[in-house]
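Next come two complexes, and both contain chain A; in the first it sits with chain B, in the second with chain C.
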Partner chain A sequence: MFRLPADKLNEFFAAIASAQSLYIPVDGDDGRASYKKWTEGTALSKALNTVRSAKDFFFPQTTDICDFNMNGKNIEIIDNRTESEDFVIFGVRACDARSFTILDKVFLAEPIDTYYATRREHGTVITMACTEPEENCFCGVFGIDAAAPEGDAACWMTEDSLYIKANTEKGEKFIESIKSMLEECDSSAVDAQKAKTKEILEKLPFANVSTDYFRKNTLLDIFGSEHWKKLSESCLGCGTCTFVCPTCQCYDIKDYDTGHGIKRYRTWDSCMYSDFTRMAHGNSRNSQVERFRQRFMHKLVYFPDNNNGEFGCVGCGRCLSRCPISMNIIKVIKTFGEE
Partner chain B sequence: MQEAVIKRAKELLADGSVNRVVGWKAGEFAYDTTPAVFTSAEELDAGFIYNDFCAPNLSKYIIKESRKEGKLLVFLKPCDTYSFNQLVKEHRIIRENVYIIAVPCTGKVDVDTVKSKGIKGITGMTSDGENVTITTLYGEKTMPKSETLGDKCRTCKSKKHVIFDEIIGDDGEVNTDGARFELVEKLEMMTPDERYDFWRNELSKCIRCNACRNVCPACTCESCVFDNPNSGIQQRAATDSFEENMFHLIRSFHVAGRCTDCGECTRVCPQNIPLHLINRKYIKDINEFYGDYQAGSDLETRAPLNDYTFDDCEPSIVYKRGGNE
Partner chain C sequence: MMLNETLIPKIGVVTDIRQDTPDVKTFRVVGTDGNKLFEHIPGQCAMLSVPGVGEGMFSITSSPTNREYMEFSIKKCGCLTTWLHMMDVGQQITVRGPYGNGFPVESTFKGKDLLFVAGGIGLAPLRSVINYVRDNRANYGKVQIVYGSRSMDDLVDYKEIIDEWMKDDGIEVNLTIDREQEGWDGHVGFVPNYVKELNPDLSKTVVMCGPPIMIKFTLAGLKELGFNETQVFTTMELRMKCAVGKCGRCNIGNKYVCKDGPVFRFDQLDELPNEY
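Right, the complex of A and B next:
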């Protein structure tokens, strides 16, 4: 474990940014945080988390896939990828760090999504332990420890120091590159902080929410449940939950006709939208009940069924904060659990 | 208030006047209320609430609900009645299938506003109408309710209900102080470049989640042009700044003259974009060019933008003429 005096934080950022692009959570005019590229004078946000998740770095809302140029009967395919720059994301919370593991299972499984893989290779994830979790946090339900986050290297901020510890080889390399600024230390200060945070985590309102129902019941029983109708009744069918979610990974691929060629690109899609899964024959999900059910079945049943029981949710609480009508995965889990 | 509301709902269910009730359902933390349909006294007792945390406008739900079998009961706050009226006027709600009970409102507490004051970990809130007591993971706080209101309530346009079958409590008055146009005036005073920068900064935050469109009581197209694969502009994401701007401008023009200024667009925006200011500018312009007009205030008045009178101003040259003389 290494230590940096807190008043050297700016120099620390400057040192990282001199070698590669550095992104940190920054407060906007309205006090809401988002990741911004660090430049001299950029201050680290004190907010618990960013409104948008950190998945944007590896799976952005839009990605150019390729261009097609038509020349008589020949079609030329142009790979227009530009991502070749190494970058560091600093201040990622434990929930978002785990979301990368979930996204990896989708995009790095065969056939590997090379757009995602390239970004993952170039990115170093430096996480930050939480000290003041909020009422909407429930990462613990999914076995995530907010006081000891994953990521390439983890940080803990105290009043006077920043502590950092590598979790991966990439993290070790990162620490090596800035080692001249750091001093080696023991973990007593970090252990004390962890113990304090743990006490708060245990008191969180959703600390004891149980996902057992989704393990004990069959896919078809859950799928056919009467609960979905009532739960989805007031869903507006907007895509807010899916777009702020760190693990939602569905996308749509489109061609744009430029008049002399085609630009193929992909964008995030949302299972909440009326034309999601619209195919040549029509749409397999024509009501909001079916779309709503799809989102939660995916996270709580289909994804774990295909990934050794790991749920497709990290408990970041963004959908709880942002749903216009306050319907969310906690209300879904509780409704089934109370059966 | 809540007891009186539940009591009336039970009575109307019991005597068969209605077969269901559209209202607000309690959540986990007092502030996260969800619109819901209740069909029995037991359901009402278990979850129905009406208090200072019931911000969602229920009017849009009635488009679908009023097409189902049997009569329904809906509770409407003053600003919700304007949306309701407008939807009746546009033949979107089947009025005779709805029984409306008007409920008073003194402004709704907005949890994001409370959180913006640095209050973290909110596990509960209560309001006595004057002050809001907030219990958090990190202690208890109290603040005046006036400081907890969201955008839509800070500049409330009316405490008067414009449509109802019965009313609980006393009806209020239309607010005529014009305070809701102060921010619009500030934007008007900017230079075009400043104004452009202001809106680029705001609209660049848009993630195209469509929450504003889907919550909007004036956005009721059966299939939106942005969802239509044959339109050529069906989009999941704004791929450039032009699209970021145009989505909101097209949407706002489409509801111009029909927007009642209910403020739901801004309330639900996950990126905190003050979308209501776009339509509020149109409302201000309509007032200035055609005389005061409030969409949804009645069922008869023809909307200025849908009507032609010989004396109509020519807005494009109105400033050259020195105003609407």
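Right, the complex of A and C next:
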């Protein structure tokens, strides 16, 4: 483990940013945090988390796929892909860090999604342990430790110091590159912080929510449950939950006529939308009950079934704060769990 | 050098267009070098697109034993398919694939007597298997084809059926149309009833594709006759964008039609939600 005096944080950021792009959570004028590229004078946000998840770094809202030049009956395909530049995301919370390994299972499965893979390869994820998790947090339900986050290297901030420890080879390389600023230390200060955070985590309202129901019951029984109708009744189908979700990965592929050719791009999509599955001859998920059920079945049943039991949720709580009708995955898990 | 990206298509040239029915055309496609774009297994699909219009998944209706080109039989029913129907020979489109699992022609089907049941455009994916079996005749047993359509004008590939399939030894073709029609002296009636009337041997492996209502009643009829769901295969379609199990829309339960399908056995579908 290494230590950096807290008053050297700015120099630390400057050193990283001199070698590659550095992104950190920054408070906006509206008081909400978002990731911004660090430049001299950019201050690290103290917010619990960013409004949008960190998935944008690897799976941006839109990605160019390729261009087409149309000339009479002929088509020319232009592959504009470039290698991603090296970059560092600093201050990622434990929940968002886990979301990357979940997205990896989708995008790095054969055939590898090269747009995602190049960003993943060139991005270094530096996480920041939580010290003040709030009532909407429930990462612990999915076995995530907010006090000891994953990522290439993890950080802990105390009043006078930043502590950093590598989790991966990439993290070790990163620490090596800025080692001259760091001093080696023991983990006593970090251990003390972890113990304090653990006490808060244990008292959070959703700390003891159990997902057992989804492991003990069959796909068809859960799918056929009466609960879905009631749970989805007030869903507006706005898709907000899917856009703030760090693990939602559904996308659409669209073409745009630029006037000098066609740009094909992919863009985030939402299973909550009525045209998501609509075909010329009909729609396999015709009503909001079916679309709502799809979203939660995917996270709680289908994804785990295909990925050694790992749930497709990281408990970041964004959908809890953002849903306009206050429906969310916790209510779904609890409704089934209380059966 | 970056890896190949499956979402970036290849260029295909349309070298022949055949009007099969009032709303179905069959398109012959090769690469810009005049050769076949890629190899496939019967039942696999490809994403075809017209840049600026859209991209969609279509079954490859030609057999892999055809070394020269691929064919796609496409019904005009939406935006992209309407555009494809307006094309002239020589038009370039984009193609990527092959996608999906295909039919088990080299395992389960080998040595078996096969019963093909198709309705309307549902013959398109089965034609690939039928011609593959015809070209590897020694590997398979008897072949029976039950094919029905609304009218005789709606029977896709009708000429190939009459001129080739019906003349083959060991292939029995049973055609039917929904209603009486002048000039038609064949069977009249719906496919599910016709299959029951024909009372096929219970040892046959069944390959079925057609409108959902036909599939539902044919399956029920086959079960009444004593067929087991493990003997009956079908091929599904749902909306797709990526074709590789990532864009998230063509799933039935935890299976993606694009990569885990489109070919399923009915006992496999029984384990999945009825959401298709």
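To be clear about the criterion, the second predicted complex is superposed on the first by the 329 of 339 C-alpha atoms of A that agree within 3 Å, B and C clash if a C-alpha of one lies under 4 Å from a C-alpha of the other, contacts with A are read in each partner's own complex, and residues count from 1 in each chain.
The rule is simple: contacts are C-beta pairs under 8 Å (C-beta built on N, C-alpha and C of every residue); 3 or more make two chains touch, one makes a residue touch a chain.
These figures come from a predicted structure and were not determined experimentally.
In the superposition on chain A, contact of A:Asp30 is made with chain B only, not with chain C.
Residue contacts after overlaying the shared chain place A:Thr39 against neither chain B nor chain C.
In the overlay built on the shared chain, the residue A:Asp252 is in contact with chain B and with chain C. Of the two partner chains placed around the shared chain by superposition, chain B is the only one that A:Leu236 touches, whereas chain C remains out of contact. In the superposition on chain A, contact of A:Arg278 is made with both chain B and chain C. In the superposed model, A:Asn208 makes contact with neither chain B nor chain C.
Of the two partner chains placed by superposition, only chain C is touched by A:Phe107; chain B is not.
By the document's definition of touching, of the two partners only chain B reaches A:Arg52; chain C does not. After overlaying the two complexes on the shared chain, residue contacts for A:Ile65 are found with chain C alone; chain B is out of touch. When the two complexes are laid over each other on chain A, chain A has residues 252, 269, 278 in contact with both chain B and chain C. Across the complex, chain A is touched by residues 2-11, 51-55, 77-78, 81, 88, 90-94, 237-239, 241-242, 244-254, 271-273, 275-276 of chain C. The touching residues of chain A, counted against chain C in their complex, run 65-66, 68, 70, 73-75, 77, 79, 81, 83, 106-107, 109, 111-115, 117-118, 219-220, 223-224, 249-253, 255, 257, 262, 264, 266, 269, 271, 276-281, 284-285, 290, 294, 297-298, 301-303, 305-306. The touching residues of chain B, when paired with chain A in their complex, are 27-29, 32-37, 56, 61, 116, 120-123, 136-138, 201, 205, 207-211, 213-215, 223, 227, 229, 234-237, 239, 264, 267-268, 270-272.
Residue ranges on chain A touching chain B, taken from their complex, read 28-32, 48, 51-52, 61-62, 132-135, 200, 203-205, 230, 233-234, 236-240, 242-244, 252, 254, 265, 267-270, 273-275, 278, 320, 322, 324-327, 330-331.
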